[in-house]
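For reference, chains read A, B, C, D, E, F, G and H in written order, and residue numbers begin at 1 within each chain.
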Amino acid sequence: MLIIGNQRFDNHLLLGTAQYPSPQILKQAILASGTEIVTVSLRRQSPESQGGQSFWDLIQSLNVSVLPNTAGCRSAKEAITIAHMAREIFNTRWIKLEVIGDDYTLQPNPFELVKAAEQLINDGFEVFPYTTDDLIVAQQLVAVGCTIIMPWAAPIGTGKGPVNPYALKVLRERFPDITLIVDAGLGLPSHAAAVMEMGYDGVLLNTAVALANNPVQMASGFSKAVIAGQDAYLAGAMRPRDLAVASTPVLGTPFWHNKH
Amino acid sequence: MNLLINDSEKTIDAPCTVAQLLLRLNYQSQSVAVAVDGQFIPKSMRERALLTEGATVEIVSPMQGG
Amino acid sequence: MLIIGNQRFDNHLLLGTAQYPSPQILKQAILASGTEIVTVSLRRQSPESQGGQSFWDLIQSLNVSVLPNTAGCRSAKEAITIAHMAREIFNTRWIKLEVIGDDYTLQPNPFELVKAAEQLINDGFEVFPYTTDDLIVAQQLVAVGCTIIMPWAAPIGTGKGPVNPYALKVLRERFPDITLIVDAGLGLPSHAAAVMEMGYDGVLLNTAVALANNPVQMASGFSKAVIAGQDAYLAGAMRPRDLAVASTPVLGTPFWHNKH
Amino acid sequence: MNLLINDSEKTIDAPCTVAQLLLRLNYQSQSVAVAVDGQFIPKSMRERALLTEGATVEIVSPMQGG
Amino acid sequence: MLIIGNQRFDNHLLLGTAQYPSPQILKQAILASGTEIVTVSLRRQSPESQGGQSFWDLIQSLNVSVLPNTAGCRSAKEAITIAHMAREIFNTRWIKLEVIGDDYTLQPNPFELVKAAEQLINDGFEVFPYTTDDLIVAQQLVAVGCTIIMPWAAPIGTGKGPVNPYALKVLRERFPDITLIVDAGLGLPSHAAAVMEMGYDGVLLNTAVALANNPVQMASGFSKAVIAGQDAYLAGAMRPRDLAVASTPVLGTPFWHNKH
Amino acid sequence: MLIIGNQRFDNHLLLGTAQYPSPQILKQAILASGTEIVTVSLRRQSPESQGGQSFWDLIQSLNVSVLPNTAGCRSAKEAITIAHMAREIFNTRWIKLEVIGDDYTLQPNPFELVKAAEQLINDGFEVFPYTTDDLIVAQQLVAVGCTIIMPWAAPIGTGKGPVNPYALKVLRERFPDITLIVDAGLGLPSHAAAVMEMGYDGVLLNTAVALANNPVQMASGFSKAVIAGQDAYLAGAMRPRDLAVASTPVLGTPFWHNKH
Amino acid sequence: MNLLINDSEKTIDAPCTVAQLLLRLNYQSQSVAVAVDGQFIPKSMRERALLTEGATVEIVSPMQGG
Amino acid sequence: MNLLINDSEKTIDAPCTVAQLLLRLNYQSQSVAVAVDGQFIPKSMRERALLTEGATVEIVSPMQGG
């Protein structure tokens, strides 16, 4: 059960809508993933483009919740304005808060991020802050009222998978009651399974699905991996050990003799 | 009156409200959101929000996002 | 499609039957996993135990294929004899060939393994050799007629996951037409997904499921992870990259100005 | 006649075939397989396979396995 | 050449002075390490303890530069006051700026850290900020005037070695002209060599040396590892490759025949 | 102390002589490395080349022990013949036994390797077998009389560093009295330090030094790293831990108040 | 006058400067640094720095550090 | 007499010992080692080792190695 504010979702995968080969494939990928939440953005568009109407119509036809982002913003001020614009257009108080601090890593700027989060929470938003795996930044976000934290696994679009699993584990341990969603940097279903196995509440993806040769099948793969990882977390995994231990019973092994 | 609309310089006859600007530029009012000089202008304010010389206007609409 | 000789299986997960808390949980785990192939063994048992009849009845009731193992054997000779005994009791020419070379790592002995594989293939068996990730040993196994190779991920029962992913990738690249099943050492669904993402044909597990707090849910998790990993392999994953790339389109970013 | 059966020393009256041994030990013939001195004795051979002094006999049945 | 302000040091290893079994072993470890810079702290002490005089005399006898820390501070304000106290007692404008944000990870608090760094630079200090591997925080530190950045490899005292080598590499690439010293979390000489191989300017250690069974020999080992890593960086290492390439010439291989 | 048969060497680095930009740089690299043992090979050469005389004169002038290899051999038979030829030309009973099993990974063939080792030991050679990290193969080599084992870290010339540190550790634990030298696959001094930290007796390198931009400085770096790693092993390293522990004493921390 | 000195409550006769306090507590003036109410008091100011009721005093000296 | 010397076919007048072959091919006897038909021929045997039609001869000398 993925908890967002006072809503509950069965599916723990959130999917981005960008970079797909076609709207048709985007639609199929969303359906294949079973996601209930997709991210969208706001962009300048010419009047002739009909204001992204066809894209917006497509999304609305899918009966999913929409999570607008502030992608591309570089200051708290910009992000706050975009958030308000998004609330009006998309008619939702949800906002995926991105405040980028660096052009090459697209890393969130923790200083501006916390500032924007605080303001937006005061303005009544449900803030989904895209942040690094830094514990103190997460603490600050919680301190200003965030109930969701979205640490990266790796820089956006790299597909590296978790570059610092230790830090992700620390976040989970330290925030048992916060909704923790890994956002950005996953490349393979095994990455998604691995963070769910740590007890994460969800996974937000885009590039790894959209840029697969077959986005629809990849969406399906990620969907299963997220459930698999959550199953493992709930099932309580064995602890890894250094010494081998036979799975087949040793007692009664044929040809074994006491004189050995 | 000179405006910077979505990073393009445009000359628009004054006086002009945000609502009028959208009309003149052929934007469908439904699917856009507007900010002027970095400040969000809610739909309910568009009729009253008068643009001033040199204002920077952002007009955005839904787009794919990650 | 998992290909074993001239048979085809939909499910790519093979499950061991040992170490479960109860026969009932074993049965539920097998059902939850969706596996079509389970491993069994032969052991000395007192006549009063009715020769493992109740276990054997349980397995037969589940309509799965049975893969007997030679667990505990330390020489080609022992393994060959056990294989023949298994063929008689289980009425199958399949044999999971284990010839252990070391008591602490339970590592296969490549020398005895190849010897036994050769003889058993001559004797008409379908040999599933449990081996290390050593390329040359795998080549020898193929040379004596094996069409299935089962490299370990890590020593039996350690749950470490792949200790040498590089070696597993090399095996897949070099044996595109051999049925490759990772056997032993997996601890988590993400491990299973990771080897399937490399293009492996299947995964054989026991300890990680049987020793989970909830074996049934863990079986379900592994089952989904195997499919997830295979989906990813078939879908053609993006290549990881070092530089971040925005997923949301950059063109039309609000507040961006040429003068920047 | 002394035999080593599943690593236990037993004394059994000679002559004794494998089939007779299983009977005397109360094994259900259906669910066991037998090897004598490291050599598999198929079910079809049990009637004829005569045990000899000092033979090592393995009698195994199905068990859970990994 | 390690550059600190307008000073140059031959040795790239900085050593902490805490946790040694005895002052004598501390002294020998400093000598064995060849370090030219050691860290010290300020603590409340009873008058009878003679104000740490004997420790301070020992350090002064070794002809090394002293780098006082602000260990234990939890706010910019505290750290700034301690820095001024340290400047008076140790007669140096150097300060290792630690502002801890969390009791369990002893992670620096980036918000307070930047604030304190800015003030201390205005007050004329040479600030050595202990920070995480976060790029944006490092950028902020540089923006307020730091010419030295000291990212952690892992939390203090864990000995894990670099938990996020990718982040450390990014910092080196993005700050070619900043003096970068890895501080905290190293456990073995190979860890120190690895960060020097990335082009880091230095390494600051304490626990891994002080808690070794033989701190003197461990100091010597780290000292050599730092030079080894720097040699490798300067020497320009080969790029790792996936395919094996014979080192011994292939041409003229005996027993090789064209008919092969 | 590196023990080879009844000889003792101070230096734990063995260096290959191939692929250097010039004989002069080869010579300087050998001197910079401080190695006491270098590897050489035998190749078909035209009579005009004077039978590699100038190379051989260079090596002989350096007062190092020579370890001829059987590089390029693909069968026990070839390797045995080459070993005998090497013994005659180089006037040494040492032989680095390579029997390659695969053209792409240049992996040793364990089957032929053990066969050749057994014969050569019977013929009075001191055998340095180049092998994988496979425990059973190592056991077989010891069983036929080898007192030295040289497991790879990674395939020859890849510079990957240890692809399976777990396997290398197992070998060290299981063969406390065998001279263990890591041969092949190291790319950086930190790799060499890491295997020495595990307690390995030595390291054999070629490509990583010869293909560095500056082979002489790289040789020096590896030399120090080997000593550093050995220092750490002998000094007894701290155990890594998950929780941070302050190095600076906590008692007496200024500004700390009981009321906290 | 009550002071909190290094987190211990002490009663000290007023008036008292920082310099006098160090003397009374037997601190060697050379090897300590002092802060009062979170503010650093340089050595040169100790003679003039008068302590007030309830002040929090930190007196620190060199210690091993990492 | 046809020989395969270091993988090149050569015709050499018979009879010919290994020692004579090295001389005829201008090899310095000091710095080479020789195998015939996969078998090592020690220096001490070269004078007596007679080559036969179709023999495969390997003549090797020191080279850099890894």
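Going forward, a contact is a pair of C-beta atoms (placed from the backbone, for glycine too) under 8 Å apart; a residue touches a chain by one contact, two chains touch by 3 or more.
For clarity, every value in this text was computed on a predicted model and none was experimentally measured.
Based on which chains touch which, give the shortest step count from chain A to chain C.
So the least number of steps between the two chains is 1.
Per the centroid of Cα atoms for each chain, what is the distance between chain B and chain E, given in Å?
53
Counting only Cα atoms for the centres, state how far chain A is from chain F in Å.
Going by mean C-alpha positions, chain A sits 45 Å from chain F.
Roughly how far is chain E from chain H, centre to centre by C-alpha average, rounded to an integer in Å?
Distance between chain centres, rounded to whole Å: 62 Å.
At what distance in angstrom does the C-alpha mean of chain H lie from that of chain G?
From the centre of chain G to the centre of chain H is 94 Å.
What residues in chain B touch two or more of the other chains?
In chain B, residues 6-7, 35, 38, 58, 60, 63-66 touch at least two other chains, as defined above.
On chain A, where are the residues touching two or more other chains?
As it turns out, chain A has residues touching two or more other chains at 16, 18-19, 41-45, 69, 71, 78, 81-82, 85, 104-105, 107, 156, 160, 206-207, 246-249, 252, 254-256.
By the touch definition up top, name every chain pair that qualifies.
Between chains, contact exists in these pairs: A-B, A-C, A-D, A-E, B-C, C-D, C-F, E-F, E-G, E-H, F-G, F-H.
Per the contact definition, I'd like the list of chain D residues that touch chain A in the complex.
So the residues of chain D touching chain A come out as 4, 6-7, 35, 38, 58, 60, 63-66.
Would you tell me which residues of chain F are touching chain C in their complex?
Against chain C, the touching part of chain F is residues 101-102, 104-105, 107-111, 114, 132, 134-137, 139-140, 154, 160, 163-164, 166-167, 170, 174.
Where on chain G is chain E touching in the complex?
Result: residues 6-7, 25-28, 30-35, 38-40, 42-43, 58-66 of chain G touch chain E.
Which residues of chain A touch chain D in their complex?
Against chain D, chain A makes touches at 246-249, 252, 254-258.
Mind pulling up the chain E residues that touch chain G in the complex?
Touch residues, chain E against chain G: 16-20, 26, 39-45, 47-53, 55-56, 59, 68-69, 71, 77-78, 81-82, 84-86, 88-90, 156, 206-207.
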